Structure formats: C-alpha cells, structure tokens
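Below you'll find the structures, each written out as structure tokens.
The same chain A turns up in both complexes below, where it pairs with chain B and then with chain C.
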Partner chain A sequence: MQFFGGSEISPSPPVPTASGNNAYMLYVFNRNGVCLLYREWNRPLKTLNSHQDHKLMFGLLFSLKSLTAKMDPTCVDKGNLGVPQLPGQGCSFHSFRTNTYKLTFMESPSGIKIILVTHPRTGDLRESLKYIYNLYVEYVVKNPLYSPGTPIRCQLFDTTVDQYVRGLG
Partner chain B sequence: MAAIYSLYIINKSGGLIFYKDYGSAGRMDTNDSLRLASLWHSMHAISQQLSPVSGCTGIELLQADTFDLHCFQSLTGTKFFVVCEPGTPHMEGLLKHIYELYTDYVLKNPFYEMEMPIRCELFDVNLAQAVQKDRVALLGR
Partner chain C sequence: MGREVSESCLESLLTEIVSSYCNGFYANKPELAARRIEAIGFQVGHQLSERYTIDRPRFTDHLEAIKFICKDFWSELFKKQIDNLKTNHRGTFVLQDNQFRWLAHMSVDPSRDASASVQDPSAMAENKAVQATGMHLYFPCGIIRGALSNLGIPCAVSADISDLPACEFITSFTFQI
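Let's turn to the complex of A and B:
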C-alpha cells in the first residue's frame, strides 16, 4: 500500500523503552518539602495522585532520617526521637533497597534533597547524585530567571538530567 | 568491636516483642526502642506504597552513614531486623537462622502467647550462640 506512503520515515522520535534504562523516578525537594522536580522514566504502578505521592515520599525520608539519627550505634549523645535536625546534623542514610526498587538519597547543606529510584540491582549511586546536584547548581541556581522555592522549569536542566540518567548503568 | 549492634523483633502490628543490644554506644531506654520499632513498621509499610512496580514487600536493607539495617519479614508479618556495621556480610543468613530459632524455641513453646514479648530462656541461649558464632566466623574471614 504505497498510497499512504511516508510511513517508512518515522514521524516522531522512537518511543523510549525501558531497556537500557535502570532509573524509575527522580525527585528533588527543597528544605520545606516543596517538590521542585519530579521526573519518571518507568513507573507502571501508580497508587496515588502526584501530590499525595510527593508528600508521602518526603514524609518517608523525613521519618527515616529521624530513625537513623536515633538508631546511630556509634554516637553517644543522640537526643530524643523526632527532634528537628539541620541538614548534615545527626546520622543520615544514603540508600535503601526493597525487592522491587532501590532508592538513593542525598541532602545538600542547604536542605535540597535529591532522590533517585532505580532498579534494585544498581550499584552505589552516591556520586551520580552529586553530579545531578552539580547540574542543578549550574543550570537552575545560576539561572537568573529562576526564583528559589518554585518548581523547576528549565529546559536545559531537564534535557541534561534526562540524558545523564538514561546513561546510568 | 561488635559486628552486630542490636537485634529487634516486631510483631505484625508493629509492637516490639524482642530487643537485644550487643554494644551500641549511647543509652536507649525501653520507650526509645519501642518507638523506633513502631516507626520502622510504618516506614516499611510506606515504602511498599511508593514502589514503582507492583509486588513490593518493603525495605530489606537500609544503608545509613554509620550502620546497615537488614530486615527480614516472615510470611505471617513478623519482622526481624538487625543493626550492624556497614558492609557486614551474611546478614540475610543470620536473620533466617534467627527466624528458625524463633519458630523452634518461641512458637513451639506452649507457654508463649502469640504477639506478646518473648521471654524464653532457650531462645536467649541459642540466639546468643548464633550471634557469637557469626562473630567468630567474621573474625576468621
């Protein structure tokens, strides 16, 4: 059927597939719990709407951090469970793993939290998160049109992060 | 230097039924351990909700700056978790072994009431042996 020709030339770029990409989602929160950025590459299961999901994720990180700060077996003076702590204070965590995903977490001194959710069998991603933080500093913080505390709408940052995360092992 | 810092067993509703400390620094009173246990129970449940793929059974390993937390959940919902030095190997095996001891010496004890705190001498003795053996094996490696 050549009448409807032109179908050989693909009209749009190929649909991204899950193969070769181990990343599921990326979250960036600021210190007040505002979700600055949410990207997802592969998320078949959605149980909550996005707002609820972000709140639950932030709450999980917050509570896990107070849990690790209290549980820290090497520190003598730990204070009570749930005392508010500044970023970098107290024992924090850098990743956890379940049977279906692995979550890697990083918090900058200014309270920016970067969370990358990947396949459970990915290796240590702490350096990758630092790299994403550097991208954030370069493309978002140094962007004169960006006002702090608002969701990130910055195309250059989006594409660079997308490219970088897709390239992760 | 202890490889294992502490061991917790929580029942299916998040209540702490067993806690043993093997030499972590700082004071942790009964209330603190109870609170930590129930907090872990809820975090475990939330982590299942946030899974991008279906079939998630909760956190198995939490890596903190100064310790690792390995968690094993039995089919009936009882959770065993052990706090150890970062990178301590063979913790899954140890947790499975502790689960075996729990079924043998706690569940088969006719005086034990389900979901209540564990007070069984035989369990204590065998648990101490298992942990000790694990520590010796670690020194030998």
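Let's turn to the complex of A and C:
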C-alpha cells in the first residue's frame, strides 16, 4: 500500500478517461461490514432496500475475494475455502465487468473497502480509487468530529468526492 | 535549520488533546477543559515566541508586535500569513485567517433537509458541532496569548468561527495609563 504524505491531496487526480457522467454508485465499507458511505449518481433500477443492498454488496465482495485468492494458480500456500483472509493476503481482486456495468474494488490494509460501479467501457480505475481513499483519510479520518465506525457525515468529504467522481467520465 | 515533524502527527496530537480533555479529564466541565487547553497553548506560545524572535530587535509598540504575529510568527507555524488584520484603534485587533490549517480537515454533518421533526433537534445538533469546533480553537488562542505576553504585552485572545475554515482571533489589550 502506497504511503501518501503531504498536506495537499496526493497523488494528483488521474486524468479522466472519457467525458460525461460515467459513475453509477459508490460504496465504502469498513472492516466490520458497516456501510460508511453510499452515493449514487445514476441507478435507474433499485431492487432491494438499502440495508439489504449493502449487505449483499459486502457479502459478494467478501466471497469474491476469498474465491479469487483460493483459485490463484501461482500461489503456493492456500488455506481451505472459507477461511477468512487478511487484507493483502493472497492475490487481490480488483474489478469485474458485465455487459451493463463495471465494478472496481479496492481494499486498504486497514480493511476499508471502496467500491465504484461505472459504465462498462470505463478504463482502469485503481488509481482513482486510491485517490478516493486519500480523500477519505484527509477529510474523514483526520476530522476530529467523526467517530470511526459510524456512517460518514462530513460535508467536505461529500463535496470533494462528488466533484471528483463526476469529473471521472 | 530546524528539525521537522510530521504534520499528521501534530494534528492528530492536537485532536487527541482536545478530545481527552473534553471527554476524559473534564468531561462535564467544558469551561475548565477550555482553560486547561488554553493554558497549554500559552506555554507553547511563550516558548515559540522566544525561538522566533531570536535575532530581532525589540518591538517598539503593540502594532509592531501584532504585525510580527501576523507575518513571521504565523508563517513559521502555518506556512502562511494572516490574511486580514483589523483594528478599532482602541486596543482590539482582529486577525483573520481564511484557511486555518488546523481546521482544514474538519467539517460538520450536512444539515438534514428531510427532517420533519421539530426545529430544535437540528438546531441543537448544529450548536454542538459549533461548540465542538470551537474547542479546537482554544489552543491557538493560547499560543497567541503566550507569544504576546512573552513580548511584554498582556492581552486576552478569543476566537470566532462564523464559517469554516476561516476563523478570526480577537486580541484585546489592556491599556496602561
């Protein structure tokens, strides 16, 4: 995991890969599965209530991470399927794409999971997710008024993330 | 050339000072917590002004001392100068910083627009947020007061945050006749 230093937000935001509003939804979970942030920009069809939706998303990624790590052909040491993996252990799954959307995932060593659902033709968003994680550190973790483990209600974070994701294209 | 310390460490330490004084040592006595934090700031300001005036001649009057605080002292502490200085020419100076570094990461809950309940809970919540933010300003107030008192100018300093992240420090001198 890169170490981000400096008081300015770094790394500088990556150049948007296309124009227009490509992002559909953003989820941020902590290590215990609490959904810290859910933002949507473009979601025409909602099938579940939000609580179930968050649980489904968290469970999906938990299983996917585990499955991809166990199926890794290059890794020697594999536990049994179902043994929970520490962040960073095993190979790291980062995105999947369907014909209607692309889901990009990033997990920090502290267990913070960031999920961004976008248009299927979006490029590699890993740098963008790292930037969003850096925004999280600057405006949420360092905010004295925020208590860890609770849903994020920080105005600065909300506006910067919104601005950044809209510019992603 | 001075040694450097990580800014994140310093900010986390200050946050923790406020938090442990307000929620731990003086849990139900915010005035006492504020006074203790301000006293710590006073000591720090005292020593910092000693360090930063080391090669300078004595200040001729109060305005020179305040200008030192606004320019050199603030640049050493926050890498920028005070943006606006106002005075009423009767011993009160208002130092305004439009982007106070130690408040840069703080933000409050966005107001709940769909709350159908009484106005009071949202007003109370906003009040608590303002109060919590205000607690973080006692330390810089103490720093200014300590610095000025070390320069031979006893004063009282208070802070006002009308809108984050800009804040104003109001310094009032007691005139000696």
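Going forward, the second predicted complex is superposed on the first by the 150 of 169 C-alpha atoms of A that agree within 3 Å, B and C clash if a C-alpha of one lies under 4 Å from a C-alpha of the other, contacts with A are read in each partner's own complex, and residues count from 1 in each chain.
In this text, a residue touches a chain if its C-beta (ideal position, glycine included) is under 8 Å from a C-beta of that chain, and two chains touch if they have at least 3 such contacts.
Predicted model, so just to flag it, every value in this text is computed and none were measured.
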item: Partner chain(s) touched by A:76 [first = chain B, second = chain C, both, neither]; value: first
item: First (chain B), second (chain C), both or neither touched by A:156; value: second
item: First, second, both or neither for A:139, with chain B first and chain C second; value: second
item: Chain B versus chain C as contact partner of A:34, first or second or both or neither; value: neither
item: Chain A residues touched by each partner, larger count belonging to chain B or chain C; value: B
item: First (chain B), second (chain C), both or neither touched by A:117; value: first
item: Chain A residues contacted in one complex by chain B, in the other by chain C; value: none
item: Chain C-touching residues of chain A, taken from the complex the two chains share; value: 7, 138-139, 142-145, 153-158
item: In the complex, chain B residues that touch chain A; value: 5-6, 24-26, 32, 35-36, 39-40, 42-43, 46-67, 69, 83
item: Residue ranges of chain A in contact with chain B within the complex; value: 24-25, 40, 42-45, 47-48, 53, 56-57, 59-60, 63-64, 66-68, 70-78, 80-81, 91-101, 117
item: Residues on chain C engaged by chain A in the complex (per definition of touch); value: 7-8, 11-12, 15, 18-19, 101, 104-110, 129, 132-133, 136
